[in-house]
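Consider the two complexes below, in which subunit A is the common component and subunit B and subunit C are the respective partners.
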Partner chain A sequence: MKTDPKGVLTGVHYLDGDYACGEGAMAAGCRFVAGYPITPSTEVVERISRRFPFMGGTFIQMEDELASMAAVAGAAWTGTKSMTVTSGPGFSLMMENIGLAAMMETPCVVVNVQRGGPSTGLPTMVGQADMMQARWGSHGDYKVIAMSPQSPQEAFDLTIDAFNLAETYRVPVMFMMDECVGHMTEKVVIPDADEIDVVPRALSKKTPADYQPYAVNGRGVPEMVRAGDGYRFHTTGLTHDDRGYPEMSAERQQINVRRIMDKILLNVDDIVRIEEEDVDGAEVVVVAYGITARVARMGIDLARKQGVKVGFLRLVVVWPFPEKRIRELAAAVKAFVVPEINLGQMVLEVERCAAGQAKAVLVPHAGGGVHDPRVICDAIVEAAR
Partner chain B sequence: MTDANRVEIRITGFGGQGVVLSGHIIGRACAVHAGKHATMIQSFGPEARGSACSTTVAISDTEVLYPYIGRPDVFIVMSAEGYDKYRDELKNDGTLIYEKDLVRPKIKDGQPSFGVASTRIAEGLGRAIVQNIVMLGFFAAVTKLVPQEAMREAVAKSVPDGTQELNLRAFDAGWDAFEEEYGNTAGAEKEAEEALVST
Partner chain C sequence: MSATAHPPNPNDHPIAPYLRMDRMPHIWCPTCGIGTVVKCFATALEEADVDLDKVAITSGIGCTGRVAGYMKLDAFHTTHGRAIPFATGLKLARPELESVVFSGDGDLSGIGGNHFIHAARRNMDILVILVNNFIYGMTGGQNAPTTPISAKSSTMPFGNFERPFNLPHLAASCGASYVSRWTCLHIRRLTKCMRVALRRKGFRFIEVIAPCSTLYSRLNRLGGGLELMRFYHDNATIKHGIDTREVDIGFQDTIICGNFVDEEKPTFLEMMNAHYGKVLGDRYVPMPAEGGWLHD
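Showing the complex of A and B:
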């Protein structure tokens, strides 16, 4: 389905990543945003709150991040595409309700423009240290989707993709920007509305008598209804049966939790988005995401000048992790080099998937800046030895 | 960094002078109206209100992979405080462009330096607020880094509706100020250079 033209600011713009993310959300059909503005993500809601009145959208500045995430989960159940926007400290506060949204199978997008942490850390400076929190931050077993843009253009394009994945799999999608991409201004091309494909809410066509909120179809993703449309409606964070009513049993837990994991696990090939460059015949493959992916390419160029055969794999979708591909490459390369603006997060996943077949070398950066490409080059050269 | 055709610019002034808008207009002129790549970064923090404020632009014919600048090729200064904070950063052969009523630079050998009374010129046009656009016109004339028309288009697209005409006059006034003050010498220098090349 093509998107509603009211939300699409077609043209060639010069925008920062935050604004571009906001434009992406509106172009995707998002019409509800609740948030508690926080640096370096504030410009996303600034943009949206200014433009929403012209397309019938609602922005609420909430009292805190707990309420913001709760409002977004609630709004999604009215059939409205919904999003919240935050940075690390707010992301921590949202975790309880992100888990609730995952358990209720609520499609929504959570934008985290990452700054240096922990705690209040570096409010105005870059970090990529919430990547594991995106995957594991709430309690219990669940799976989400997370993606990481490398430019303002991608902040626009991938936000649309994030909404589409949220609708397709009925999951919260974590949009893991970083301060550098959020605050950098570059050319952003916004196409015509008739060139933007969006996934509409898959509303049940069953009669109210036949409808069961958590009865699954072939894909393992139940159909939704809108609250207030006359259907039986019950949803809860408690383990629940097909009717959405609590059922406290080991058997139901197995069915319920297994399914919210499997709907992602069994569709990994459809969800994973990676970009590869020159990985065939490479001795070393660099794995990176977000702003670090751009800086890493400079390190790769420098290493190639020293004669090292280097390939590159960019994680566009970070979770689910491209496990199968890393395992294949691990059999063929000496090492993976993983630069990231944290002290070792996604490198652990690379190491797990490489399973001893190839080294996984972290190039850490504690935050507040991006890597010096020469440091990445040195790590590549060293890893190739 | 490794990119030979890359040009780095720092603009500094005090909060309220339109420092960030100036960077935005240069970046937009390059990226949207002149077919180049341009990445702008603005400073964030308490300094963005009132005291020294700064923005950087990295321009290249190819994708800008590294968004931050090292030592700028061009340093545009609109306040004394900004000059003191960033002056040592300018490349040894970098170009200095400054508001000559507000900044008293220590001109260094090897760094071509150009001053303009952009605030007074803007006041002459009736609105001191367009000082930054006068400065952009002057910058465009000094460096010829971006085609004049691309800069004018970017100005027109970036300022509030209803102020385009005033801002374009400000841009042209800045451009003309360079022509008047330095035009002949610059031309003469160029001729001298060409003469050297031909012999």
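Showing the complex of A and C:
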């Protein structure tokens, strides 16, 4: 369906990535946000708290990130699209209820504007070192979807997609911005509301007597209902059966956990999103995401001037990882070069998928700035030898 | 054979319609007080004549954390300590809901203590029923923020030396609009208190002192369930409206019960709507009562 025009600030704007993300959320129909202030993400909720009162949205500044994530998980069960916003230290606190949202299969969006870590790290400076935390941060086996925008325009566009994916698969979606994209100001075009497609909550048509909150419907994603509509359903963070009732057994654990993994695994081709440039015939393919994707393009240009055949693969959806495509490319290229603002995270995934067929070369940066494109160029030239 | 020889049908129990009878028997120990509190709550729901389709119940983790799982309502068994913020999200995103939190002392005042004080400070529109058995029951009898001084627990085997919370005072001093305490023995008074609380607004807090004969009582050699109820009978006194500073609980000491606070004051939602209405006028669009969800 088309979105609610009340949240859409149609026009051509000059916005930073944080504001654009907030605008994307409102354009997607998000009407509940709970958050706790943290640099460099705070501008997202500042934008939202200024605009929500005019569109029927509620923002609440909770006492901490534990509460923020819990409130978002609760709000999502009313059918209201819900989001929280944070950075590394807050992301760590949210892991508890991200796990709950994954287990209860609760659609919601978690924005992490990444800064340098670990711990308090570099509050005002860029990092990309929470990428593995986004995938593995809560305990137990589960899967989420994660996206990484490279510009304020994408911060707007992809936030809408994040809400749509959350509804489609009933998962928390990690929106992995970084401080550079969050704080850079660029042109952002916001279309008319009738050009914005949103996925509304697909409510079960079953009667309360027939409805089971975790009975699958063929796609591996159970039908949802809203609290307050008379279904009187039950849901829990415990391992549960189709009725949402706890069942403590190895057999049920296998069924329950397997399915929350499979609903992502079996739909990987529909979820994965990458952009490729000049990968055919390339000796080296650079894999990057977020702000580093933009820096990498300069490194690629420099390497091409030295005669190296370089392709580029940008991760738009980071998790699930484009495993199949990396495997295909690994058979054709000498090496992948992976610049990222951490000391080696997504490169591990590239290396795993390449499975020895091609090298995976990390271009690390500990955080606090972006790569010097010449360093990326040097890594490409070296990898092509 | 006469009809009375047949065991009674559990589904004929007066509160069966309020319970998930397909989940019985429950996990609580014999003589545990939680079931009594559930019975009182179900009766209060019936007497208050609330629309059960609009009641959402949220629990955290622990023995009382299992209550949401047994109530035939929209029910959320969440993470340890986070029932209050979860219930806050439910309420704010669909304001017509009656959002009820039902959990234990360790859950709500230990790991969830920060959420408790902030929800009370905001006079958040939720009803919180806290069952206090003075101990962490589900994990085996460890010390709680409510364990009275000198009482033994599995992690204070020589007796507790930490000062416990006075929970009614905590709630009242943070701004709760309704604060009560009863024991499991006060069935009629507790039921009435819950019924009244369902008709009040804002942050409503009811503490219910409940026996844990498996752990608290055994570790402290206080006898079985009957002895504990007798203790409540002999040692609980009712003092409505008493200053909550006076209602600390000592080990095997007097338990002061009553309705301590019952004040009409603006709730979080009322404050928010009134404030935005004042500063933004008719440009203010409140969250619809049925939630801000997108639909055709």
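Everything below uses one rule, namely that the second predicted complex is superposed on the first by the 385 of 385 C-alpha atoms of A that agree within 3 Å, B and C clash if a C-alpha of one lies under 4 Å from a C-alpha of the other, contacts with A are read in each partner's own complex, and residues count from 1 in each chain.
We adopt the following convention: a contact is a pair of C-beta atoms (placed from the backbone, for glycine too) under 8 Å apart; a residue touches a chain by one contact, two chains touch by 3 or more.
The model shown is predicted, which means the values in this text are computed figures rather than measured ones.
Visitor: Should the superposition on subunit A be reported as showing a clash between subunit B and subunit C, or a fit?
Guide: With subunit A aligned, subunit B clears subunit C, so fit.
Visitor: Classify the contacts of A:Asp64 with the two partner chains as first (subunit B alone), second (subunit C alone), both, or neither.
Guide: In the superposed model, A:Asp64 contacts subunit C only, not subunit B.
Visitor: Could you say whether A:Asp278 touches subunit B, subunit C, both of them, or neither, answering first, second, both or neither?
Guide: neither
Visitor: Between subunit B and subunit C, whom does A:Ile291 touch in the aligned arrangement: first, second, both, or neither?
Guide: Once the two structures are laid over each other on A, A:Ile291 reaches subunit B alone.
Visitor: When the two structures are overlaid on chain A, which partner does A:Thr236 contact: first (subunit B), second (subunit C), both, or neither?
Guide: second
Visitor: State whether A:Met1 touches subunit B only (first), subunit C only (second), both chains, or neither.
Guide: So A:Met1 only meets subunit C here.
Visitor: Tell me which partner A:Asp262 touches in the superposition: subunit B (first), subunit C (second), both or neither.
Guide: In the superposition, A:Asp262 touches no partner, neither subunit B nor subunit C.
Visitor: With both structures superposed, pick whichever of subunit B and subunit C touches the larger number of subunit A residues.
Guide: Of subunit B and subunit C, C contacts more residues of subunit A.
Visitor: Check the residue A:Asp192 against both partner chains and state whether it touches subunit B (first), subunit C (second), both, or neither.
Guide: In the superposition, A:Asp192 touches no partner, neither subunit B nor subunit C.
Visitor: Could you say whether A:Asp270 touches subunit B, subunit C, both of them, or neither, answering first, second, both or neither?
Guide: Neither partner.
Visitor: For the combined overlay, can you note the least CA distance between subunit B and subunit C, rounded to whole Å?
Guide: When the complexes share the chain A frame, the smallest subunit B-subunit C C-alpha distance is 17 Å.
Visitor: Shared contact residues on subunit A for subunit B and subunit C?
Guide: Shared contact residues on subunit A (touching subunit B in one complex, subunit C in the other): none at all.
Visitor: Which of the residues in subunit A end up touching subunit B in this complex?
Guide: Subunit A residues touching subunit B: 12-14, 39-40, 124, 180, 183-187, 291, 294-295, 297-298, 301-302, 369-370, 373.
Visitor: Quick one: in the complex, what on subunit B touches subunit A?
Guide: By the definition above, subunit B touches subunit A via 1-2, 23-24, 27-28, 31-32, 37-42, 44-45, 64-68.
Visitor: Applying the document's contact rule, which stretches of subunit C touch subunit A when the two form their complex?
Guide: It comes out as residues 20, 22-23, 52-54, 56, 58, 68-69, 72-79, 81-82, 84-90, 92-94, 96-97, 114-115, 118, 272, 276, 280, 283-288, 290-296.
Visitor: Over in the complex, which subunit A residues touch subunit C? Could you list them?
Guide: Subunit A residues touching subunit C: 1, 3-4, 6, 29, 31-32, 34, 53-58, 60, 62-64, 66-68, 70-82, 96-97, 99-100, 104, 198, 200-201, 226-238, 243, 245-246.
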